Amino acid sequence: MIRVLVWNEYEHERVEEKFKKNYPDGIHGCIAEFLGAEEDIEVKCATLQDENCGISKEILEETDVLIWWGHMKHGDVPDEVAYMVRDAVLSGMGLIVLHSAHHSKPFKYLLGTSCNLTWRNGDKEILWVTEPSHPITQGIDRCIILEEEEMYGEPFVIPTPDKLLFISNFSGGEVFRSGCLYERGNGKIFYFRPGDENYKTYYNPEIQRVIKNAVRFIAPTYRNTVDCPHVRKITDEGDYVM
Amino acid sequence: MIRVLVWNEYEHERVEEKFKKNYPDGIHGCIAEFLGAEEDIEVKCATLQDENCGISKEILEETDVLIWWGHMKHGDVPDEVAYMVRDAVLSGMGLIVLHSAHHSKPFKYLLGTSCNLTWRNGDKEILWVTEPSHPITQGIDRCIILEEEEMYGEPFVIPTPDKLLFISNFSGGEVFRSGCLYERGNGKIFYFRPGDENYKTYYNPEIQRVIKNAVRFIAPTYRNTVDCPHVRKITDEGDYVM
Amino acid sequence: MIRVLVWNEYEHERVEEKFKKNYPDGIHGCIAEFLGAEEDIEVKCATLQDENCGISKEILEETDVLIWWGHMKHGDVPDEVAYMVRDAVLSGMGLIVLHSAHHSKPFKYLLGTSCNLTWRNGDKEILWVTEPSHPITQGIDRCIILEEEEMYGEPFVIPTPDKLLFISNFSGGEVFRSGCLYERGNGKIFYFRPGDENYKTYYNPEIQRVIKNAVRFIAPTYRNTVDCPHVRKITDEGDYVM
Amino acid sequence: MIRVLVWNEYEHERVEEKFKKNYPDGIHGCIAEFLGAEEDIEVKCATLQDENCGISKEILEETDVLIWWGHMKHGDVPDEVAYMVRDAVLSGMGLIVLHSAHHSKPFKYLLGTSCNLTWRNGDKEILWVTEPSHPITQGIDRCIILEEEEMYGEPFVIPTPDKLLFISNFSGGEVFRSGCLYERGNGKIFYFRPGDENYKTYYNPEIQRVIKNAVRFIAPTYRNTVDCPHVRKITDEGDYVM
């Protein structure tokens, strides 16, 4: 079983009626539902309203893949929580970062850049598969069409992705690197662009398929902290770690 | 002085009236003209009609940057010529590959993949800068707009570029990795998408600016063939190369 | 079942007594034996002495992972065979390239560079794991020690690997990128340095473990040729491929 | 003129006699001297003992390349200073990180990983050039030999470098990625391993050559903060930035 924790800021759709209509149980509720229906996936949720964001070292140790959605309240996540997430990823936990969480602390602390981008509301988005043989794009034809989504445009201030899986075309004329895969320490990170609170994107079966694929791809096979040991010579009786 | 050789297949605009109108002196003539106007650049041309394609080992040794345009007649370039170009790049010569030369032998032999893509005629193209601080994108604002160009779409079957400098949006809904930088051996390769024979793209000052920038960026500072020597131990009197 | 084809030049150990002692059934025989003992792996062999090298389009279509060992007779492999292998990789087949096959045609045609390196006989080699969480390095502690192997040294004229999994230290003072992973088209390529015919390296359980891991990691989940279609506008009734 | 700021923690060689003997004017003093002798380089210094570490936003704006050396007192550098350095790099300033500064805050905040490694004292180190045509390795033959240096070993917990320029062999049997180049935002970062306070490494002309080359390579041609603007459609009268 892959143990997934879906973390959501849960502000927009908790507070404002028009977003609540899109996601009555919160964005996390929607994601938890379609993931939980999979036989090999086990889901829990946590939100900003939970004590300490619902995150602790112990909880992260029992999490294979953490999914993160946030937008307005990135600053309310304490640095200690963000560092715990970062360290769990470096030890092997997978992290899926969705949409406006490009500006979340865990993502920015792991990538080191501003993760800035340009944006505008209300365009048709077409996400093109650039790597048709990658496990994350399996089951997707050449592209995914979203009739309406928020626009995110280049430049996207990120390190060059280890692998670029999707590029978006927006009807307003922009482009965006929408599916970005990174390896950091022992863990993998997948940034996936779609999912603004204004639209019902997470009900789209193809978007769900990508997220399910990503959960399976970035779940760790190995989990360990690589520390910084003082070592002995390898020639001293075959030992090399002090 | 940077010594540039502009190589052109020179079929379309030599033979067909409608293309000749766009480029009366050939695509190579147009490129040679705007490059030759630069004080630090010296230009020669060669075409498929020249003996042995106008390429020899000696000519390539006196070339800092080779620019390649081809489309219909890739197969008419002898393998030996393509291997000479490949080896010159591995030794340090820069190579700029334009538009339909994605299917040229030198490019395919250097990258190793099919370099296949999808295509369609007649779209508005917007090339977005993804790396605003790169020397090749200097002087370009956030994007270049081409009112009409041929469409190239993903997937583009290339190795992940070392650096991706431009992504195109096409009005028909597609995207494409339009500015791809590679390092191979001691040489650099820049693939730049625009420039179909149907359109007067190489007269566009921004397109010219990118090509001028690229010439300066990929001109070699170092040129040498790295061979495969049988070496001695480094401890034998400090020697390590036999 | 993962279908593996072990290809071996089979010259040294077929012809010369001292190499025959190391590998009485050929290097391919040794590799086939330890791979064939795995429940999820099915092995066949082919050698240079077989008709058309024992390679055909049909055979490659029934191969998930091709392992390649060669040294003296790279030139005797026909270009058509090498191109068949290249195209099978681009369509998704995995390729494991061992030791002196750095100069084999399939590897060089897929990478595009000379794949030159420096070399010397008879050193202790220590292969250090640089990516402890990668599936290919699982089960290996921090390093693999080979008391005697041929030395390969930098510079190794290859494209920057997509992922570098092992770096070797040689007692003579050199270093080498010994485990290099590439993705090309829909296929994966793993270069693994050890395995000179002078030494019994392929009997080493840790070396066997790496090769078994690599077979499982690069076996394709997806296999398809990405061609270069002329497409229609995506807006014409939702169609985009002509 | 390239404006360099050499920052040094300045603890070891200020306080302990045996290190003071190696670097009577501090490690920064030694580096400033050989850099300042270059006609195109202008050098200033700052240390941990200076007010606010001798760093301010204004000072960084007038710095093209910041060189950073630290070891025992990484924690004494305030987070605000480290963030200022990070943001200056993202805007285009070059950063050279030396030896034990692999654990400095600016480097770790920019890379996002732990930057852990293994270590041991007192080995012969041979740094091999992996990229002989790179501007940073110009003037260096195939390797640099340091008769005695501290040993750093893999795994080095860093993101895969954009370009790997040196790999070290240590006589004790280890290896290390010793010259690592990154691009982050508009800036470049070069990590260079040698330079323990126990040894007079920064007097070595080849080490000096690498540092001089690096200063010239990572000095910015472009400096600008890429922010996150709300944009208008590109079709509204050609405007796209609000």
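For clarity, chains are labelled A, B, C and D in written order, and residue numbers in each chain start from 1.
Note that a residue touches a chain if its C-beta (ideal position, glycine included) is under 8 Å from a C-beta of that chain, and two chains touch if they have at least 3 such contacts.
Computed from a predicted model, the values in this text were never measured in an experiment.
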Which chain's centre, taken as the mean of its Cα atoms, is farthest from the centre of subunit B?
A
Cα-centroid distance, subunit A relative to subunit D, in whole angstrom:
31
Averaging C-alpha coordinates per chain, one finds the centres of subunit C and subunit D separated by a number of Å equal to 37
Return the residues of subunit A touching two or more other chains; collapse runs of consecutive numbers into ranges.
126, 131-132, 142, 153, 155, 160, 162-163, 173-174, 183, 185, 226, 234, 240-241
Connecting every touching chain pair, does the picture come out as line, ring, star, complete or other?
complete
Residue numbers of subunit C touching subunit D in their complex, please.
126, 128-132, 142, 153-156, 160, 163-164, 167-171, 173-175, 177
Can you check the complex and tell me which residues of subunit C touch subunit A?
92, 126, 131-133, 135, 138, 142-143, 145, 162-163, 183, 185-187, 220-224, 226, 234, 238, 240-241
Quick one: which bits of subunit A touch subunit D in the complex? Just the residue numbers, please.
86-87, 90, 103, 109-114, 116-120, 151, 153, 155, 157, 159-160, 162, 172-174, 182-185, 226-235, 240-241
